[in-house]
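Scrolling down, you'll hit the structures one after another.
The same subunit A turns up in both complexes below, where it pairs with subunit B and then with subunit C.
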Partner chain A sequence: MRLQLIAAVVVGAAIVASAARALADDSATNAPDAPASRPKTVAPIVAKASLDTTAYTDSDHVSVVTPVVSAEVGDREGAWKVHGQYLVDVISAASVDIVSTASQRWHEVRQAGTLGAGYKPKDFGADVSAAISREPDYGSVAGGGNLIWDFDEKNVIALLGYSYDHDTIGRTGTPFSVYSHALAVHTLAGGITLTLNRAAVLALVSDVIIESGDQSKPYRYIPMFSADVAPTIAKGASISVVNAERLPDRPLENLPDSRDRYSLTARFGYRFAHGTLRADERLYTDTWRLHATTTELRYYANLSRRLMVWPLVRVHAQNGVYFWSRAYVSSFGNGSFELPEYRTGDRELGPLYSITGGLGGSFGIGPSSDPSLLSIRAQADYIGTEFLDDLYVKSRGSVLGTLGLDGVFQ
Partner chain B sequence: MKNRFKSLVVASLCAVGLSACAHVAPYQRERLADPTMALDDMSGAAEGHVHAVHEGAAGGTVAASSGCGCN
Partner chain C sequence: MIGRLFWGSLAVVLVGGTACSGKYDGASYAVADEPRLDTFDVVVKNLDYSCGNLACHGAAGRNLLLYGVEGRRLAPTDVACGRSTTPDEILADYRSVVGLEPEIMSEVVASGGKDPERLTLIRKMNGTESHKGGTVFAIGSNGDLCVRGWLTGSDDPSACNNAFNPGDPFVACP
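Let's turn to the complex of A and B:
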């Protein structure tokens, strides 16, 4: 937290200093008796910094506040750059899943940092990045890189990337050395970006993600029902109904120890005279037989030199994993309960669809020569999710709001 | 037969996609150089994390951007 404050103060001071300098430059340029302006020397190095705060709340009594600070330094032509990001999630939750286990509202802090660098002097380049994330019951360390080739004067670009992520899953209040299990994630990405014409570009990216390890949540208890009761448990059945009908045994979640995930993503961009249309489509499948489609559309409209707004819509739909069940069946035999091998209460592994609608905007407050050198950014999204075959809830409404300040120093 | 049909469809899409490309010289990339044309993930850090938590799918977070063609 101390590091975060220092980083935030440094970046904030840099942005404010840039604002003051930009406004001073602006007023000097606009002064009636200003001498004829000299041609400015163009700095070879460009630095960018951003301060964001995002707030999230939903109808399931979860709220998160996320301050983010990020910075990037590189040369003007993009041959090299180094960048970093640090964020903190301050989470407060009393969701139905927590209440159903008779637990109290809990609070948690997650800290995550990323450092990266890229070097691409000509047609071939590479970038590397490392990330670390820590919360009381979950730790993650990741590293990876991408190779990028330009062909045909950058009309065709190929990308090949790999990253490794090592996660440690534990329990709050118990050291990882006493209780934890590991999850290893290998990600291989390959893609091609095609320049279609002077205003349109298309990227196709394929990801293969290999996960191995036990990723079951150590707090997630799964209610069990007898074979004759299970079919009577309705979608969205309340906590009281579930508690009245379930069997006394309530085992922990148990997920398969490996999962291979595949996605194919297409990204399209078209630049109009005063706006950009962006369209993304991701098709997804995995060895848990979860299939999904995610579509996102944004239109960045340049309403003036200072003002840009972007309405957005995102639609996601998926089926449930092969071992998904609203009401798992357990039977008593040989002196104990016979449980289904795999069982989960993770709503995001069940069938659902969600629709996001949002509106963002940025207002340049930099000098009139280039207002975008300093800008204020805001975005508000509403995410409506329908759970098609779940206990406790049928839907969830979420609101996500971001306020940010972006500065460019040159 | 089904596999041959699939292969034919994929090959046709690739052919149409590649033939749709026109050679754009570096000095013609003014529109492509706009920052909004960078084909990276449109979501911010926190926004992307929310989507990752809300959706059972993953992937598609990296792509090479075409950009200004200046390096």
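Let's turn to the complex of A and C:
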């Protein structure tokens, strides 16, 4: 699942990223203290490498540390490139969902790798990528590609992409041959980037994601309540209240076997004399009737030739899926045992909103001729999430931090 | 055209986003083929005996929650190792066992107990799936035959009656 999201984001974001990068690069070279002219060295091959470590922790006792190594080799003109990435997620969790089932803190390691290549000699190009991810209870294999066209001297860029992701969902300690179910994901992305004038770029990307298969979590069992007790279960009801009031039956999560997801992302970039403003709006809907909006503003400020900082703010809001309920009801008696057909405890499927504030920066430590050849990058975000209709928790605070080193070799 | 699509989508999100759900708006699932309740009392004796102590499936938060003489009691006046498992506790245990994976349970019973390994209950008790309590009823043991027989609708309680293992380390009551 994580990989599929990564794949979707990569496909969808490719076009908007290229536009934003163009603006940011242009902005950097137009910084007030930029050199009058760059060295005219011509290297046919350019290699880029980066090392990152991302750390996440939240108030629900979940922490994740993710070291990432990435590399890319291509020609200086961007006609071709090959790239790869490898990461390890080290996860430790004792969230309320785990504790509420009388289970202990668990630890898990996930490994993921991607390989890709692109070729775009002139106005038309293509890229392909493949990814694999493995953890004790989840396996994923994905592949996809994009077609890219430039029109009107690159004032218009169009992209069409497709990816396929096959996931295998199991249980830790149990071979997939004994217990597993499959999830297939097709992602189709189309987008266009318009250069509106010398300072402004607008990109529009639409994603259609078709999911089929059982994506219910194998560990997630849903407490049931009687019809007269359910309305008394308050938002954020504690573990002890839920355990005292629940019925004996606690069925496994059951989600619909298909989900069609649609999103439309608009990204607007505007270059000022000393920086670039980027504004994103993403609208989302799906056949589980989850509707969401995500708005992000960030400003890349070139404080000097070596230092760039980017404050950001992001607001996300969504309703719950149509089968969402804080307290599900089951009944038993008179020869009939009835439960909700679909049931979930996944908070990401419930109504919520979140506000993110963050600050990132990069500091070039390369040679004075081009400090960006070697740079240190850091980012810290705080995400406050309010869960509007959930058991156990009403809110969550989380911190996400990244420290990275980027190098360009030519 | 793009503008209309954008504002139309925004309206859908804003309207949908404010409709905070609280009550289930989906369909119900009625367990079509339930295993026999009338023969469950001899089955649950084994489950209670081998799985139901307060550190195991008698613990409050367990997904498979068992009530009975070996551990958790339904009535506040009852205590562990006190009077025998009551009819209400047998009903609660039935509901807990059947309600764990109700759709799969119904499929297994409808097929006459064929491939009961589809059920997590069977895999865990057999030890073919990771289980903190380890193998409780090995494949082919009386305890295993007892539960599998119940799923087939069998009337023969002999396997259940011979399943007790006095040396079982999980048993709480002497």
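As a convention for this text, the second predicted complex is superposed on the first by the 365 of 410 C-alpha atoms of A that agree within 3 Å, B and C clash if a C-alpha of one lies under 4 Å from a C-alpha of the other, contacts with A are read in each partner's own complex, and residues count from 1 in each chain.
To be clear about the criterion, contacts are C-beta pairs under 8 Å (C-beta built on N, C-alpha and C of every residue); 3 or more make two chains touch, one makes a residue touch a chain.
Source: prediction; values computed, not measured.
Judged by the touch definition given at the top, the superposed model places A:Gln318 against both subunit B and subunit C.
In the superposition on chain A, A:Leu159 makes contact with subunit B only, not with subunit C.
Looking at the shared chain after the overlay, A:Ala79 reaches subunit B, while subunit C stays out of its contact range. When the shared chain is aligned, subunit B comes close enough to touch A:Thr54, but subunit C does not.
Contacts of A:Ala203 after superposition: subunit B is touched, whereas subunit C is not reached.
With both structures placed on the common chain, the touch criterion links A:Ala292 to subunit B and to subunit C. Between subunit B and subunit C, B touches the greater number of residues of subunit A. Touch criterion met: A:Arg261 reaches subunit B, while subunit C stays clear of it. Looking at subunit A, you'll find residues 284, 292, 318 touch subunit B in one structure and subunit C in the other. On the side of subunit A, the complex with subunit B involves touching residues 52, 54, 56, 64, 66, 68, 70, 77-79, 85, 87, 89, 120-122, 146, 148, 152-159, 161, 187, 189, 191-199, 201-203, 205, 207, 209, 261-263, 265, 267, 269, 271, 276, 278, 280, 282, 284, 290, 292, 294, 296, 298, 300, 312, 314, 316, 318, 321, 348-349, 352, 354, 356, 379, 381, 383, 385, 398, 400, 402, 404.
Those residues of subunit A that touch subunit C in the complex are listed here as 99-103, 171-174, 178-179, 204, 221, 224, 239-240, 243-244, 247-252, 254, 264, 266, 283-285, 289, 291-293, 317-320, 322-326, 328-330, 332, 336-342, 350-351, 388-389.
Of all residues in subunit B, only 17-18, 20-26, 28-32, 34, 36-37, 39, 42, 44-47, 49-51, 53-60, 62-71 touch subunit A in the complex they form. Taken together, the subunit C residues at the contact with subunit A in this complex read 2, 5-6, 9-10, 12-14, 16-31, 34, 59-65, 67, 91-93, 95-96, 98-103, 117, 120, 123, 128-130.
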